[in-house]
Amino acid sequence: MIVVMQEDATDSQIKHVSHLIRELGLREHIIKGTERTVIAALGDDRAKNKENIEHAPGVEKVMPVLAKYKMASREVKKERTVIPLGGTLGAVVGGKKNCIIAGPCSVESRDQLLQCAQEVKEAGATALRGGAFKPRTSPYDFQGLGEAGLKILAEAREKTGLAIVTEVMAVDQVSLVNQYADVLQVGARNMQNYNLLMAVGDQKKPVLLKRGLSATLEEFLLAAEYIISRGNSNVILCERGIRTFETYCRNTLPLAIVPEIHRISHLPIIIDPSQGTGHAHLVPDMCKAAIAAGADGLIIETHDDPEHALTDGAQSITPKTLQEIMPTMKRIAVAVDREI
Amino acid sequence: MIVVMQEDATDSQIKHVSHLIRELGLREHIIKGTERTVIAALGDDRAKNKENIEHAPGVEKVMPVLAKYKMASREVKKERTVIPLGGTLGAVVGGKKNCIIAGPCSVESRDQLLQCAQEVKEAGATALRGGAFKPRTSPYDFQGLGEAGLKILAEAREKTGLAIVTEVMAVDQVSLVNQYADVLQVGARNMQNYNLLMAVGDQKKPVLLKRGLSATLEEFLLAAEYIISRGNSNVILCERGIRTFETYCRNTLPLAIVPEIHRISHLPIIIDPSQGTGHAHLVPDMCKAAIAAGADGLIIETHDDPEHALTDGAQSITPKTLQEIMPTMKRIAVAVDREI
Amino acid sequence: MIVVMQEDATDSQIKHVSHLIRELGLREHIIKGTERTVIAALGDDRAKNKENIEHAPGVEKVMPVLAKYKMASREVKKERTVIPLGGTLGAVVGGKKNCIIAGPCSVESRDQLLQCAQEVKEAGATALRGGAFKPRTSPYDFQGLGEAGLKILAEAREKTGLAIVTEVMAVDQVSLVNQYADVLQVGARNMQNYNLLMAVGDQKKPVLLKRGLSATLEEFLLAAEYIISRGNSNVILCERGIRTFETYCRNTLPLAIVPEIHRISHLPIIIDPSQGTGHAHLVPDMCKAAIAAGADGLIIETHDDPEHALTDGAQSITPKTLQEIMPTMKRIAVAVDREI
Amino acid sequence: MIVVMQEDATDSQIKHVSHLIRELGLREHIIKGTERTVIAALGDDRAKNKENIEHAPGVEKVMPVLAKYKMASREVKKERTVIPLGGTLGAVVGGKKNCIIAGPCSVESRDQLLQCAQEVKEAGATALRGGAFKPRTSPYDFQGLGEAGLKILAEAREKTGLAIVTEVMAVDQVSLVNQYADVLQVGARNMQNYNLLMAVGDQKKPVLLKRGLSATLEEFLLAAEYIISRGNSNVILCERGIRTFETYCRNTLPLAIVPEIHRISHLPIIIDPSQGTGHAHLVPDMCKAAIAAGADGLIIETHDDPEHALTDGAQSITPKTLQEIMPTMKRIAVAVDREI
C-alpha cells in the first residue's frame, strides 16, 4: 500500500504512520516529494487492515497496490482454467470451444423441460439451464419446483446428454442440488452470501458464479476466492449485467469485462445476455457481441412460450430464435479464433 | 398494469393482449388514444407474471401501476410502526424518540466491548451494535468471534441495559443469535438472501434490515415483505448508502429515502452514516443531517482505537466524538419535533 | 400520459386532475380499477407540462406513454438514415458498410497527423478523426491547436481522401470548423449544450453527436431532435461509454444500445471503444463486439506513439494494432451481414 | 504519481518508465517491494500527461497522488471564501449566515415574479432565483423569456432588495446577463462547457456553479478552477443531485459532499434540494438535512401555483411551504452554530 500524507503532515505524524505499518508486519519506505510525503509499505498486505491507517492524523489517503484476491488471479496461474461441465456432449468451458448453456429460467413441468432440452440441444447447446429453486424479488412469486424440478433436470440429462446447470440458494440445499446437477449456480443476489460460497467450495462440482448487480471486479474475484480457498477451483465467472441509471434495459451489460478478466484472472468468463439486458429483443445481438468480445460461453434463457413463462418471460428467447442466430454465432466464433 | 401498444399495433394484436390479460385473471380496458392504444388491466396484479406481456406482438411496453409490496406499505396500515428493541433503557424505534444504536463493527474482545458499551451508553445510546458473525469481502479477513462474541454482547446488555443488535448471516445461525440478541440484523449483502429473510421472519425478535447496495425501494420493501409475510412485522429499515460513481465516499448516502419511506411505508427507517460514507470524518455531519431529515434513528460504528480496529476502522468514530456531537443532535431532534 | 391516483383519492381530486388535463388541451379518460383509479390523458402530450400534475392532491404518480422525441424516432421515418461523410473514399454511415473512423485524439503536429492519416487509411479507415479544439477537464491541460489544427486536417483529406471528423466546442467555432471539416462532432460534455446543438443544426454538414456520460436514451435522442428540428437531419449517434460504479474501465460501454437505437430511431449509431473503455488493452475486443452487435461504425483513437500523446494516450491503440484487428473485424462484419 | 509495475516487470521496463518520468520533468524513485516494484514520480505532475505511462510495457497501473485542481483547494487558501451576493439585504454565502436563495424555476411573467419575490423575501430569503434563459431537455419545451425576463428580475431586485441569481447558457449571453444579474449561474449540463466557464471567469460577478449529474468532485473543482484561473475567485459550488439507479427521486442528493468540500476546498457549497430530489414532497426535509449537514446555503424552487408552472412544477414548493419550514431551519442552523 501507499500512504499519502497531507501537505502539512508533521514528522511525528509520519513516524506514527511508520509505526502503524510496522505493527502490521510490513516495512515502511518514506519518500519526501516536493509536494507530499508518501510512505510505501513493503510486504504482502492483502490480508492486513490497512484502511485503518486512513484514521491516523496527517494521512490524506491510503492507496492499495495489490488486489486482495490471489488464487483467482493470473499471478498464481498463467494458463487458463478449462472446466469440463459433465453430460455426454463434451461440454467444456474455458478452452477453445465456446460453451452454449440454454434453457428455461425455471423448470415448470416435465413436458416443458424435456421439450426445451431437446430443442436447445438441436440448436447447438451442450448444457441445459433451469431453476428448481428460484430466488424471487417478491414473496408472492413462483418459487420453483424444488427437488421435483431437480429430478426432471436429471431426466433431461439422461435423455439428451446435456450437462445440467441449476441454482443453489442456501447452504442446506447444496448437497441435494449436488446429487442431481452437474454445475451449481450461485446467483447474483448471493454473490456475497459467504456461507453459501464456502458450502459450494466444499463440494467438487463446478460452480457458476454470477456477478452481483453492483459488485466490483475485486469483489467478484474475492467471491471466487472464497470458493477456491475451500478447495474447489472450478469456478466459472458469469457476467449478467450491472445496475446503472439506464432504463431501456433492466441491466447494463458491460462486455469489456471479458478482456479484463482474461487479463487478470485464469478463470473462464461467460455472459448471460438474458439477465444482462432484460428484454428478449436485445438478446440475439448481445449473444453475438459476447462471442466477438472473446467470452468463453453464453448462458441464455429460452422458453417455448415466453408469454406464459412462470418466470422471466420478458427476457426469454424461443429455441427457434436460438437456432436462427446460431450460424451467425458460429461464424463470429471462427472469426475470433474460437469455435462453437 | 398499463400495456402501451406500438403505434401500428393491429386489432388482432390488441385482442391477443386482451386475451393474455384475462388469462391472468384480470380484466382489460382498451383506450384508443390519438397516438397510441393503451390497455389497462383491472384487478390486483401484484403477484401476476405481467412482464411476459411485453413479449406479445405489437406491445411497446408494460407499465406497472401497483407496487408489488403490500404488507410493508402504508395502504394496509396508516399509523407508523413502533418497535421496542429490548434492554432496560427503553430503546424504541419509530416513535417520537430517535433511537441511537452505537458500538464497534466487530466484537473483538470482552474488554473492548464492555468498555465501548459503557461509553456509548454514557454518550446517550440506548442500543449496542457489534458483529459476532462478520460478512467479509475477502476470505482472508477477520470473520468474527462467533458464539463467544454473542456471549460478550449478552454480558454487555446485563451490565449496561443496552439492547443488543447483531448480524445474522445464515439460516443456521438464526436460532443461536436469537438466544443472545435483542435485534437480528440482516446485512446489505444478504438483503435478497430469501431463505435468510424467511428464517428471521419465522422468529419473533425485531429485524434490522439493511438496504442492499443497489436495491431499489421496491426491492427493499419486498425484502421486508418476505419477513412480514412469515409473521414478523417488526422490521426496521436501515439505509446504509448505495453504490454510485462517487469516489470520495465508499457509498453515497441518499437521505431523501427518509421522507419517501415515511410516505409509502409504515415501517421505521434508520440511517447508518458509517457504512453510508465509509470515512469517519464524514460521519458526524451525516448523523446531524439524518436526524434533521426525520430519520427514526441512527446506527453508528464507534471504536475506542480505530487505528487498531479489526474491521471498519476507517469509518468508525470514537465514543468521545459521539459524545461531542450528541448535544447538537439533540437540538436538531427538538427542532424537527423529535427527541433523543 | 397515465395519471395514477392514490388509493384513497376522492372524486373531487379526480375531477381536479381531469380539469388539469383539459387545460393542457388533452382529453381525460377515467378508469376505476379495483385497486386504483387511473386517468389516461388522450392526445399528443409530448410538449406538455405534464409532470406538474404530480403536484395535484390525490395523485400518486404520472407515467408518460409517449417518448418526447419525434423526428428522431422510427415512427416518423421507417427506413434507416444513410449519411455520406465526405472525402473521396466513399465514407458512409448507416448503410450496409460499416464505417471506420480512426485517428489521434488531438492534432499535435502536421507530421504526426499526416503520417497517422496515411496509416489508418492503409488499415482500412475511410474517415479521419482528430481534435483541433479539445475540451479538457483541467484548465492546465493541452487545449488543441485551433485553426492551425483544422488546416492540417484539411491537408490530410487532400492527401488521403479520408473524410474529416473533428469536434466543435462552442457556437462561435461552428462556422470556422465547418470550413475545414466534413463532419462536426459534438462531444459528450456538450450533449446538452443546447445553443451549440442549435448552431450545428443550422448548418448542413453531418453531426456526430456523442452521448453524455449519464444521458438516458430519451435525453440522447432529444439532443438529436434539437439538431434535426433546426433542419439538419444528418445526425450520427455515438455511444462513448457511460459513468457507472465500475473502476477497471474509465467508462462502461453498453453495447445493447445498438439494437435498441435501431428499434426506436432511424439514425445510425456508431461506437467509440476508446472513450468507451479508457484503456487501450480493452479496445480491440470492444471493436469486434461492437461490429457483432450491429453497430454502424466505429470511431477509434489511434496514435503512433501513445506514450507521448498529448491527450488520451492511455486509450489510444497504434495504427499497427488497428491493422492487425481489421481482418477479424471484416470477418465479423460479414458474419452479421455487413461489410467493412 | 505512483507507477505500479506488473509482478514480472523486467529491469529494462523499469528503466523505460524511469525515462518516461524524466521526460515529464519529474524525478523517479524506485521501490522494490516483496510483491511489486513501484516507482514514485517526484515533482508537481498536476499538468503532466501521466496517464500515458499506463501504456508502457510492464506497467500495471498509474495512481495519482495529487488532485489536479490547485486554486480551488484548501492547500492554497486555508480560510473559507466568503462571497457577498449583492442586493440590499446583505446576502452573503460562505460566512456564518446560511444564505437562502428562492424563487421560481423560470421567470414566466412580471406579476408572477414580483409576487413570488415578495413572498420569498417575507419567508426569509435574501436572494431570488429565476431563469430567463432555460436549458430544456426537449426543443419543444418553454425556453424562457430571454432579456425580457432579465429586466423583470432587475425590477424585482429594485422592489425587494433581493440579490438576483440567474442562469447563463452561452458565451454570447454573458455580458447581457451580467448587466442585470448579481450572480451568474452555470447549470449542471454546462459544468464542462469550458468556453462558458472561461467567459464567466472573465467577468467579475460571483458564479454559482452547479455540479454535473455525474461529475466527480475532482471534475467539479476543476470546473471551478477554470473560472478561478481566469481571475474570478467568487465561485459558489452547488450540489443539485447526481444520477444513480434510484427511481423514487429524479436525482440522488448526496449531502456528504458538504463536509468533504469543506475539507478539501475553501469555496462555499450550497444545496439545491429541488433539482436534488425532483419531487416537492421531498424538498422540505432535504432543506433541513442540508442545513444540518453544514451547507452554506440553499437554492430552492418556489412557485405560487406549481400545477401551472411552465417549468419544473413537480419539484417546486410554494412560498407558503417555505415560510412554514423556515422556523425549523432556523433552529437547526443555530444547533450547528450557524444562523439564517
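Per-chain numbering from 1; labels A, B, C and D assigned in written order.
Methods note: a contact is a pair of C-beta atoms (placed from the backbone, for glycine too) under 8 Å apart; a residue touches a chain by one contact, two chains touch by 3 or more.
Quantities reported herein were computed from a predicted structural model and do not represent experimental measurements.
Across the two candidate interfaces, A-C and B-C, the one carrying more C-beta contacts is A-C.
Distance from subunit D peaks, on a Cα-centroid basis, for A.
Each chain gets a centre from the mean of its Cα atoms; for subunit C and subunit D, those two points are 26 Å apart. Inter-chain spacing, taken between the CA centroids of subunit A and subunit C, is 31 Å. With centres taken as mean Cα positions, subunit C sits 38 Å from subunit B.
Multi-chain contact residues of subunit C, defined as those touching 2 or more other chains: 214, 243-245.
Residues of subunit B that touch subunit D in their complex: 214, 216-217, 242, 244-249, 252-260, 263, 276-277, 281-282, 284-286, 288-294, 328, 331-332, 334-336.
Contact residues of subunit C toward subunit B in the complex are 2, 4, 7, 29, 31, 33-36, 38, 40, 42-44, 63, 65-66, 75, 243-245. Residues 20, 23, 46-47, 49, 51-56, 68-69, 135-142, 169-172, 189-190, 192-195, 213-214, 218-219, 222, 225-226, 229, 243, 279-280, 306-314, 316 of subunit C touch subunit D in their complex.
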